[in-house]
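In what follows, structures are represented as structure tokens.
After this come two complexes, each holding chain A, first together with chain B and then together with chain C.
Right, the complex of A and B next:
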């Protein structure tokens, strides 16, 4: 691995600039051309023009959602990799996203989402939490990548099957289409509502994960050493896992399962932070936001009809990347 | 002055007793060796003394305070624990690895301060690891890696260092280097507790030895008192040649005694 650790300030500022540019581009991209300046002016003047309608009701929620979900996946990937000390951990690969989707599906299609605004993200959180707990029970302290990935395969398959099963039983004529949405994910046609529903959970999750940064650094030397350095490993592991479940669960509950962002982003950024798990967190948050926005722009450019799902793109790029990572690390990790 | 005291320590896993009724004391300025055959419970004892594991019985004191009454943060600044075969799971540079030793002195939002930098520098000086400060730890030789892990502990600036077989798998040069560093640390108000398999090194460098056998304290005392052919025969099941000269005691295992192994 190359070694070119650059200062946090430079790295985060650079990523921030790239993110702003990509975000602006995301607002410009769509089936019709709009003037962003005009749209903003109209909005401020409280005139409802086509431009401002498209910008504020369609593109802004979509771009914000892509940004926040990408950030979540990047951060969660970095956190799980730090916790399991394993560069192949990722919410999608180890089955967290599918389980979260199952939780959300249960809430959504069986009418529980009317109980309270937080029912949907809570369903996602509980689904995600269940899978992480199972992963931990199965993998525990074993450092074997094989065990982790196999456990992920199983949980993923079970989660996907349960989603399909639940949708089949749900009173819903579009079950097939819905299955595709939950398994491949999308941020198209979402409103500010969905964003606001997910946001509190996402922010709490981010907070919990960032709080554990120092702990993840200490874990670099192993659990026993971390304990001797004053960390209550069991408690912090729970905090981190609940943080991941909260933000991933909420994200998946509004956008379905978008794979591989959490795998690719931390890996790309790791060399720039000298592999330090703690510094990886914030940088991966920004990196994830950038990457998912780019993927969503690509989706829109590739399919004007909006048929292509976001998860298709991320998996098309992420899948081969995953294979490459396995090839690269197999001698080291297996 | 007593820096560390363990009284009547016991530990068991699923009804199987690992340690029984161990009394141990470490005084300021002392280097204490824990010796005994494989599986005797030395590493477990070290885990209890570092509070990594809670003892099933007994009490541990750091200075005059029961460890249960010391906050976890204070405890972490007070001790440094070098685990067996310590390594970094990510490709960290040497300097970054040593920097991890400052974690007990930082709050969760803090990054390293100037004082941290000075301590890190000092730790690398003590362990002579400055020359490869920018190398990735896993690319170093075993001896160099051990020195880096020791440097991490020195960066914490602890009063007591616990080391679990720090010289296993090292060449003689690095064995002596590591032992000298630990010996130099064990002065004034500081101390070290070291698990060792090399009896000559134990006898030469330690002020006192505790012999652990079958989870019990077999005996303790100054090396020349306790490192006798009879004791070694009984505990390790080997015949050993013990020589005493100006350079200290040296122990050379010669042959196994019958089929019995402890």
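Right, the complex of A and C next:
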């Protein structure tokens, strides 16, 4: 791929403009036609008209959630690719998302989420954390793509099976059919409540990951070099892992497992930022937000009843991209 | 004439003799069943209302569920079954009654074993409930009791409608977990009509059960909302769906209609209670 490294400021500003356009479009799209101007005026006049209710209570939380979760997945993908020094690493592929979903399912369907607001994202975090620790134990410092992907396949399968098992024993009669939500993800019909529940964990996770930017840069030169440069590799690695687990876990706990965003985004961004993982982080955050918002707009345009899940779209785009990456990195694998 | 032909003639003659007798047995001389087994929650309740206690051999285990069964109190010491063939046979039933959506394998198997199985179709109007009660009366030999129930229902509905006739018609939407609503061609729709409500979902052109989005509910601007959140616990996305804060903003919480499952779960004489409750809210 050709590198045409653009200054950070220009790149981030460009992505920011695209993001605001996409965000505005997301607010306009929905089953009912509303006037955004009228909605805002009514809202400011504290009048709960149809337009303002739809805009502020339904579309805004949905768009914000899509944005924040997309950002999380983009950032986590970039972080994991840097941390594992592996271009195919991604929360969905290596099984982190499914494990997070399992943690959230346990909390949600067995009533523990009624005890405290943070129980649900905490469940997601713990599930995600468990899988990252297992991945590290299995893959360690090996740069082998094959080991990572195979470990991911196994953890994904176990995670999916555990989700199904938990839902099967859940006391609510609707539980089992909701497996689709957890495996494919959706931000439909979510309210500000879900956003507020996830946000603290997401922000902490982002902070921890961004804090490790320079460490990720050093890591590209190898672990020994990073140590010799004065980085406390063990500690920073844990910070990164906990950061990924916190933001991915919380995101999955309110929107299910949305695949491939974390894989696609860093690869799309990389040509513009060169080989510096630190620069990749912020740009991937914005890129992920854009991509998931676009996917959610597509979901709404394609299905009026909101039946289609987000993961369907992201996987349809991301799956072939994944294949393309495998072809590209085949030499690495052999 | 060959032996074959003789046998054929005898067979035909016999069947001609037997056929009418069979027909009579099935239609007219049917004895009043004395060991009736119900294999559905709704038929449990209808049996308790229409049949005499001595005729009931067994009801389903859900008949005693206070949340779901309108007649839970009346079950008393009647033996319970969980609608499996193995459990039903020992009662030696002379009539098995269930709903049309009862497990088809079970009813087919019971019929193959020679049991008399009657299935009730789901009524879609109050008028069809009367029809169902009449049929129930005929099956169980309690025509007079069924007729009395129908008379009482009609009187109750007339009274309710007269009492609230001065109040204007109001609009409502029934909203169930996962965003399903109930349109025309349903009992719920007819009950709303009897209670003086316009069903906005039916006016949107929805027939039967269909999903609509939260945005459509807001855009429809109903005066009242009937949220059907009647599962045992709310720990599922489907149930939480109805907890979306916007629903309380569209319609004030005091204008949410709540009809308990024990009244709503089945079609029967208890619809008058639902009609009365809703009309009073109007």
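Note that the second predicted complex is superposed on the first by the 331 of 334 C-alpha atoms of A that agree within 3 Å, B and C clash if a C-alpha of one lies under 4 Å from a C-alpha of the other, contacts with A are read in each partner's own complex, and residues count from 1 in each chain.
Criterion: contacts are C-beta pairs under 8 Å (C-beta built on N, C-alpha and C of every residue); 3 or more make two chains touch, one makes a residue touch a chain.
Remember, it's a predicted structure, so these values are computed and weren't measured experimentally.
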Partner chain in contact with A:113 - chain B first, chain C second, else both or neither: second
Which superposed partner A:85 touches (first chain B, second chain C, both, neither): first
Which superposed partner A:102 touches (first chain B, second chain C, both, neither): neither
First, second, both or neither for A:201, with chain B first and chain C second: neither
Partner chain(s) touched by A:173 [first = chain B, second = chain C, both, neither]: second
Partner chain(s) touched by A:181 [first = chain B, second = chain C, both, neither]: second
First, second, both or neither for A:220, with chain B first and chain C second: first
First, second, both or neither for A:228, with chain B first and chain C second: first
Doubly contacted residues of chain A, that is, touched by chain B and again by chain C: none
List of chain A residues in touch with chain B within their complex: 1, 3, 5, 8, 85, 211, 213-214, 217-222, 224-225, 227-232, 270, 274-277
Chain A-facing residues of chain C, complex: 177-179, 211, 213-216, 218-219, 221, 231-239, 241, 244-246, 249-250
Chain C partner contacts - residues on chain A that touch it in the complex: 30-32, 48, 50, 53-54, 57-58, 108-111, 113-114, 170-175, 177-178, 181, 189, 191-193, 304-307
Touching residues on chain B, where the partner in the complex is chain A: 47, 50-52, 72-73, 75-77, 79-81, 83, 86-93, 96-97, 100, 103-104, 106, 108, 111, 134, 136, 149, 152, 156, 162
